[in-house]
Amino acid sequence: MAKNTLTQGDMIALLQRVADDTTAQAERLRELDAAIGDGDLGITVTLGFGAVKEGLLELADADISTILMRSGMAFNRKAASTFGALFATMMMRAARVAKGNEEISLAEISQMVAEALQGVKERGKADVGDKTLIDALAPASEALAEAVEEDMELAVGLAHAADAAEEGALATVELKSKAGRSSWFSERTAGIQDPGATAVAIMLRSASEYVKKS
Amino acid sequence: MAKNTLTQGDMIALLQRVADDTTAQAERLRELDAAIGDGDLGITVTLGFGAVKEGLLELADADISTILMRSGMAFNRKAASTFGALFATMMMRAARVAKGNEEISLAEISQMVAEALQGVKERGKADVGDKTLIDALAPASEALAEAVEEDMELAVGLAHAADAAEEGALATVELKSKAGRSSWFSERTAGIQDPGATAVAIMLRSASEYVKKS
Amino acid sequence: MKKIINQPMDFVDEMLEGILLAHPDQLKATGDPRAIVRADAPVQGKVAILTGGGSGHLPVFLGYVGQGLAHGVAVGNVFSSPSAETMFEATMATHGGAGCLYLYGNYQGDVMNFDMAAEMADMEGVSVETVLAADDVASAPREQWSRRRGVAGIFFAYKIAGACAESGADLDEVVRVTQKVVSSTSSMGVALSPCTVPAAGVPTFTIGDDEMEIGMGIHGEAGVQRGKLQPADAIAERLTADCIADQSLTSGDRVAVLINGLGATPPEELYVLYRKAHELLIDQGIEIHRAYVGEYATSLEMAGASTSLLKLDDELTRWLDAPARSPFFEQQ
Amino acid sequence: MKKIINQPMDFVDEMLEGILLAHPDQLKATGDPRAIVRADAPVQGKVAILTGGGSGHLPVFLGYVGQGLAHGVAVGNVFSSPSAETMFEATMATHGGAGCLYLYGNYQGDVMNFDMAAEMADMEGVSVETVLAADDVASAPREQWSRRRGVAGIFFAYKIAGACAESGADLDEVVRVTQKVVSSTSSMGVALSPCTVPAAGVPTFTIGDDEMEIGMGIHGEAGVQRGKLQPADAIAERLTADCIADQSLTSGDRVAVLINGLGATPPEELYVLYRKAHELLIDQGIEIHRAYVGEYATSLEMAGASTSLLKLDDELTRWLDAPARSPFFEQQ
């Protein structure tokens, strides 16, 4: 049976899995970003998550908050970019929520994602519907709030969040970009799924799978 | 019957014909120069003889010496190059010989070509056998000296000179370049006829044809 | 495009090593090899100007670190933002107690990272103000300023902000002057061929053998019009007219002109463009105070060029005319 | 290669018009629009340095007309010699009573035309001496000096001869110093892609997509070896080693280094080359006094680079370090 809280060890293992799963989709992300951006998102996740994994080796004894914070910085140090800065911002906000916790439950995770979303909005000044990763992160955050409300198990709640993120990412196909590089040719972006939203969905699905299997 | 001396009017008509005949062979000269040089001899004769013809329009009342001198300078002003400088040098030397003459006979022409040859040798520091235009000009000069010796008619002497220049140009196929741009890859130049020598042969044949027909 | 490189992943670091080895009298690295500062940094008591962005645009950005120019730079991978930490490192190595100006091109990845760096610096008690270069007329109309990209016109901002900071002006004053220069600069470019990011190995975009794209960005961002390659005079007319219109320049105005090569376009061709731009400006009664022609902001080996016009007043003219010196740009 | 030009036949004259319009404070034309001289010419009582050659190599040759550099230039068509008359015109517009030095690259078309110009000047009572740049190691062994081509290393000759002439040295002294610098300069280059002369419309040579040619001349003259494209470090090793060997440089010697881009090769790549060249020189105990990295002698949009080494003594060092200023090169 899947566990209902995550320990420091879980967090390391979860991040490793997220790193591997997202890197495995690097080519797909590169293609999407090449279609409506500059095509670097594939290399960004490969380098960034490579740095995260390397950094985790030295975080065997760190607490959850430190692991999150350091992983975010490691990613952006190696693969600075819009996505890198937003990933670092999300991790920093999540780390703040987790501060002092030995274990985290769905309630904390829900709060961490909500804060991460808030951080992204502040950093990038975009909102829902602008065809950005917010369009995956915001529904995931809502799903998590619902899950907490309905007292779901951790694995179930995360699966809901991943479903919501994937739906949200899929729905970006219809949207025209209003933020970032692709907003310069906004009209031409309809028909392509947003690469950043896709990455967020991949990451959440991966986290959900980790919890389901552990 | 062909005439035995050339007047000022002849010189203008002769230069016009030489200009036309050589320009007509520009593509062949370009190809030869492209094979063992930098391929600009085609454009050089086109521009240079174009300038000569333009200049002749203002030389209707000039004497033979002036016509020669000005034509050489006009050529090189418009199409400065190795060939242009040598053409200007030849014409300047020939002009010196013609100075003060109302008409010129085979004897003067022979002396003009001999002086032109001398000028080319001084200017370019090359000699017979170096795979240059000297290999056409030197035999032509010898043929003219013989023709004067044997008291040939002007047309006959010039035809001899053109024959000799053509043979000399043809013989450059076997030679390896020892002067100018092509000497940098001397070995690779065997098998190609020297473009400058070819141009001199074309010019002398054209002059000979003018005299034959006039 | 064939490149003179070793491993693509080492390209940026080896390039930086080369630059530091060649110019030790002018530049030095910090604890972070991607954070490069003036050899005499920190400059005590003066505003420090920090810049940064992706590699592949030399002299932008590193090339404008020098006397009378910027003080430090954060260097990213080719066409990618530097990290917030690198910019923070450059900031801490240059600031001399009088605050910092972050001056760089308006690209979101850079903005996000440098905003983070500014927050980090703020936590260390170093005050940072930001001015973004956003001169590319093609990227958005003037009314949508915040969406405009920065391109070659940032040269004018470095030159003028650098001279102003060098004079000992305080941060407010440097910010005011820099804001004036960026809002008085308009650029428009044309791309004829793509370039290849070493780590990618394939061209950033494709374009027909007889085509050009007006307004294409310096990373290959789509422009405003793709069409048949035009003669130089027609290109000059289009680029100059767009800059004139953007600034609403009229007879009696005074400008500085920058004709910039994107990489593979020879200086000879840039001067053919300048010739026509000059004629057009003079014809409209616009005075040309200074002309800069050459490679001031490149995209690796992209072929193409851009025109930038800076509308001058007396203050900007004085700072523009001041001396400057870096390994990539000297003005006496 | 796509070009930003109008009619190919107008290319050189329009380029010159652009240069004169952009830099009226520094350059002016003479009676012959192809003969360009310093705005302050003639420089009374000092040796005038005249240069010239084909177009398409900017900053060579016109770009080195300036303060502490050359005084006048005769400009030919692309890759073609200027005429004797143009050089004569430049000579008469610059000479200031102390004689002239003709300083240019060893190409026969130029030699013939400039020798004619010198004879014409002589008839006007102006004495002319000639020193030819012949730094290209690939074109002939050192023993066959008269067959060597001049390439990017001519930059050092302009810099040093110009500073020497500026100091008021007499013609004999300027000739002596200039002869020393040209015989102390060695260059070796590599070409990766051809260029297209506008009037010709076709590339000057062809080369495979994965090939490079070591020692190719700046007009596409055949080099010493064509082979697979090598990594930057291997190229740097070859170019540097050939220059070291040509000068028989050994530990304790002092040099100036020039890494020159041929046109399409970005400055980033030139610094990757410099990095390795620096390491090799230092490893051999050779001191680097100064490094110049950038486009100093180009071949339109050719891709490739060259390394030049100038062996320095105290005298050459002093002139090398002197200030200079032209629209294409400034040193403070």
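Here are some notes:
The chains carry the letters A, B, C and D, assigned in the order they are written, with residues numbered from 1 in each.
The rule we apply is simple: contacts are C-beta pairs under 8 Å (C-beta built on N, C-alpha and C of every residue); 3 or more make two chains touch, one makes a residue touch a chain.
On a predicted model such as this, the values are computed, not experimentally measured, just so you know.
Counting steps between touching chains, the shortest path from subunit A to subunit B takes 3.
For subunit A, the chain with the farthest CA centroid is B. Of all chain pairs, the one linked by the most C-beta contacts is C-D.
The distance from the centre of subunit A to the centre of subunit C, with each centre set as the mean of the Cα atoms, comes to 33 Å.
Subunit A and subunit D have CA centres that are 56 Å apart. If you average the Cα atoms of subunit C and of subunit D, the two centres end up 29 Å apart. Across the assembly, subunit A contributes no residue that touches 2 or more other chains. The set of subunit D residues that touch two or more partner chains is empty.
Taken chain by chain, the contacts run in an open path, each chain touching the next and the two ends left apart.
Here, these are the chain pairs in contact: A-C, B-D, C-D.
Subunit D makes touch with subunit B in their complex at residues 76-77, 79-86, 107-109, 112-113, 115-116, 139-140, 147, 149, 199-200, 204, 217, 219-222. Of all residues in subunit D, those touching subunit C in their complex are 1-7, 11-12, 14-19, 21-23, 55-56, 58-59, 63, 190, 192-193, 209-210, 212, 229, 231-233, 235, 263-275, 278, 291, 293-295, 298, 300-301, 303-305, 323, 325, 327-328, 330-332. Residues of subunit A that touch subunit C in their complex: 38-40, 43-44, 73, 76-82, 84-86, 88-89, 123-124, 179-181, 183-185, 188.
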